[in-house]
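Right, one structure below, let's go through it.
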């Protein structure tokens, strides 16, 4: 029997929900309210949006007698679901001083109680259980995605403050140097996409074959020291290394190094301003920078299929940073979005974005997997994004 | 002997400083942190900036042994004083979640203690007193100006929230209908500018003569009911009534009525969404709208000189809203800015702005005076700004 | 008898119309078609717009049996008259490759013939003459204003071309050094505004008194050499010299000298790239730069009233450049715009602009006069605009 | 022996160059000078740029004693080759009234003579021939690409003119209705990319295998009548049909139908305003609109591999419009750009763009081929772009 037993699901639900609050705990209500740019949402908004998700997509259809805690909040915390009604403009999320953080906390508790009630009912109702479990699983995966965003977004927020406040006290943990070298593949068909069991997003399906050419993939991510050599070699001043849009971005924004690097050898991170660790993976790169570095290094970025076939089992050093691939975020053959409102989860974003693979220091443990397709526009730098090299054999 | 006795100045200092905190008291730390547009600053920023003003312009030069409470905060809360060092970009004031509101409160207390110490020293030191009193007087006038901005800016902030939260509970106070009619002047020379005694800003000086043509000035401000008639008569659709820039603003922003008016007869204000009182002065107009209304009404806006010569003693109904004049904010003959850093207070803004006269429901009692020159760009609507008519005789 | 005899008016009409074509004669059809920024219109557009003006405001109401040459062109060449129907968007005037230049020339001839016919009829019809003459006079003044714009706009167009093509061959004419010194006024009432006889725009009326303080006005305009000293003294790097908006413009646009100055001591002008003549009036300044220079020089800009009372009779050196005053473009007391569509000519622009007085090397001879009020926004630099100093006595 | 005999190459050169001039012949110098948006270049610029290409990439390295006709023009007509020196900003190409059209014509003649000389020399110099022929072939392909752009860009230019001038007289040619139906593929490996002989761009290589799922491809393009049904069914108002970026574009730009469609059933095209032919392929769609239509039709867009494997031999009806595919413009496996400056031709644009396949009514006969990869950003609509449906089997 493969379904998760209800007690386990409840424990997992409680753990995930508690983790969101734990991430926000070092932050004041002020910290959690503001929005530094349209792409980066306030912490409080993340806490509320994930709660809205459970209330709207799980409790509303499944819990008998459910009534929304505060119907006027729905448009404020609907992110992008056209099927679920109007939405507050994204760039103005940071103006929502009301509901207050304490009210959002109270809402979380109410919704958590509702989910508990639903799980109780489902224990004796197999039909309900069958409907509830996948939606709850999705809600938890969704909340984990926002846990990563809570960290990337608050990092960007704090980075705007000239006082450079640290989210976390003390120095960052040491990252052990990862083994160098390459993993080779002779070419040929490889299976791509989620094989199950367990949860996967619709964009990881259907499972199908891709056909590789002979290729080698770097065993570890490019490091700060390696990237520094690219910078020192004039990487940001040599147009020939860059894609056209990338070079335009360098000129327009005046990029001279990764986001959060300072001129004095320091970098701003979750632990505030800290010296850059030479052996740690370089981070906060755009796709353009990753591609330019690879060109400079005489290599290239791997396709997402090469990555999926060859990447080492995910280990600490690897999941310090998501890894830009050389694959645009296109649908897999015969891909269909999920039915219903959750069909808007992934499919409608399949244009203008680049696939990242792996995971990062901000990804909740156990969330990512080999078939996981993260995606961001090529100019995005505020995520924990780095790169791994590939080369043709 | 004309100087204010130190105990009185101390009491006035304490009262003004306490009033700022009282205005902010109904607001959460979240409310006080965010910034809805570049022109409207966060409440916390106002509380900190006024404190920076006393610390930098009074304590630093005058209090022996003074050291700034936290030197790293200076750039954050310097508004526009080029002579006083670098400044945090204005549009990013709302990202300053640190220092926290509680830290700003503590800073205020430290600076208040410093001012008290300075006043104690000045009691026995006439030379110190002579230097300290004008600067303290300026600091208090400055803080009162920011008290008005605290209200206008938080009103704009709360107005962005679809939940329409009210700053103040209950309905707004009734505004007694003001007497109608006109005050006439036969034309000729009138004195303009501050005559003393008492405080005045440099832009109200030097006192000089202006020469009026025969004119009549409305006894009261244009009301909501009167402005509604203008709207109902197609005022926002008739280009012939508007200045060219005003008509462009109407098209660009889609204006169909004053800021904060809703379609259902309600208006958003300090007491939240409330029915519009027909006899209350219309408010939250741009200069363009005020001028278009006057054209529609077969009248015109008064010059600032006509206003200064003819406006009734300031009474409750009048000071509900600042009154746009038909005068650009140009320097008076032989005007010179104050010496030193405070020379940046007014003079450098004398281009591209329009003079408003009177006062508003947000102006601290006793702050405005007949010679007071308020000024804003012609498109500004987030202040409490209305109009009073004039006509040639 | 004061009216102009019809033959004279016809001759003047023919001369003014021919002068427009003469200005455009050195330019190709390509040169005359493009638009380098929204404020600067194509030469062909000016030729067509002035023709539209005569057709629409003179022939249509006055010439029996008149029919517009091509009704579909009206929206293309209506500049800003809301009362006269829709208008092609100003920033897209440069896309009007049709009607072709030759078609516009043909239109000019047709309209000129119509005006001739009207003048013939008016010779024997006093009532018609009385209506036609003021409108024709206005049309000619209007065309002369556009003659100046033809030059300023084509100069800006050619300046965008890296080949730096010259409108006129050979070196520019020498400008004789003007006499230095000051003209003083003891203060008191001075008459302001047009006194007649002869043409004046509505914005120069009504004539009224202004009251001056004791003042001196520079006998000549500030020269290139004097302005160079300001630049060399760090004028563009010292915030204290600038109005706030001016300093912002310096930062935003990276201004380091007047428009069209090059780093090598050359300047681009109607004669192409030429060495800057030290004794020639400095030109292509914004109001902000003029005001900053005056501050640096320990002087100030004159008000438009001081200028009108004290400026020397207009001589060659003086009319090399319009002179920014310290007066915002506000209406004169009891000003009323002309009746009808021509009421849009001046009045609706009376906000956000600064008055310039004098004339320039591009102003048609005989067009300007002492009471003439030119006006542009304070950041405008593409006109021939300089300054004359004033100082309090 | 496979090389083209020089006489044939010369004849082909002459024919291609003459065709560019023939396309421009109906246009005035004014028409050929202006630029309606940054993406659409002036006709004259295309004529000059293609000439610069031959001069810089063929004559300069290969013709003994060659000197550029006018070195100062190089930056004006270098499009995007970083390796070949500075470039005039793209959005300002329309301000280049100089060099005049006649000067560009003369330059073309000079370069043509140089190419003739080179071909003469190459007739007796095999080594020179080997170097010259591929570069000349590239130059001709390049010029043909710009021939298509001459048409798309001038169409966009003329469309901005309210007079709606037609490039070509008379009604457009009838487009025979194409046969309906589907072409099926059972799935499996298909060869992709250029197989030779003959010219191909680097982005069509290397030839490799792709693996299809069972699929059917529409035999003909979607027609105006079919697209009208989508519009009539509320296609532009139903968010669920659209990719997220597409829906945002619909809102932002107010799209309600293809570019150049008018409300009255007419469409603007090379023959001016004409009734829309129901059976003609719909045209001037963005990728977003093509994808939304496919969703509405219960189908999808084909991948570029499906297209290459299954598209019918190119026939008249098919090549009325390029066909958006569901493939981002990513590099083929082991793709490397050409060496040298021409390496900037394709590779550096491989991000943020979508592949189109087929050809259009503006494509020069013989230019496109089955492996040809056209590409534009997903929002582009000014090209002749339509769609062909696909469906999973």
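Read from first to last, the chains carry the letters A, B, C and D; within each, the first residue is number 1.
Here is the rule we go by: contacts are C-beta pairs under 8 Å (C-beta built on N, C-alpha and C of every residue); 3 or more make two chains touch, one makes a residue touch a chain.
Being a predicted model, the structure only gives us computed values, none of them experimental.
*Asks:* Is the contact between copies chain A and chain D built from the same residues on both sides or from different ones, judged by whether over half of the numbers are shared?
*Replies:* The interface of chain A with chain D is built from mostly shared positions.
*Asks:* Distance between chain C and chain D based on Cα centroids, please, to the nearest Å.
*Replies:* 46
*Asks:* Hey, how far is the Cα centre of chain B from the one of chain C, in Å?
*Replies:* 37
*Asks:* Between chain B and chain D, what is the gap in Å from one C-alpha centre to the other?
*Replies:* From the centre of chain B to the centre of chain D is 59 Å.
*Asks:* Mind listing each pair of touching chains for me?
*Replies:* Per the contact definition above, the touching pairs are A-B, A-D, B-C, C-D.
*Asks:* Which bits of chain D are touching chain A when the two form their complex?
*Replies:* Within the complex, chain D contacts chain A at residues 80, 82-83, 189, 208-211, 213, 239-240, 242-247, 287-288, 291, 303, 326-331, 333-334, 348-352, 354, 378, 392.
*Asks:* Under the stated contact criterion, what part of chain C meets chain D in this complex?
*Replies:* Of all residues in chain C, those touching chain D are 28-34, 36, 44, 72-73, 75-76, 88, 92, 94-101, 157-158, 160-163, 165.
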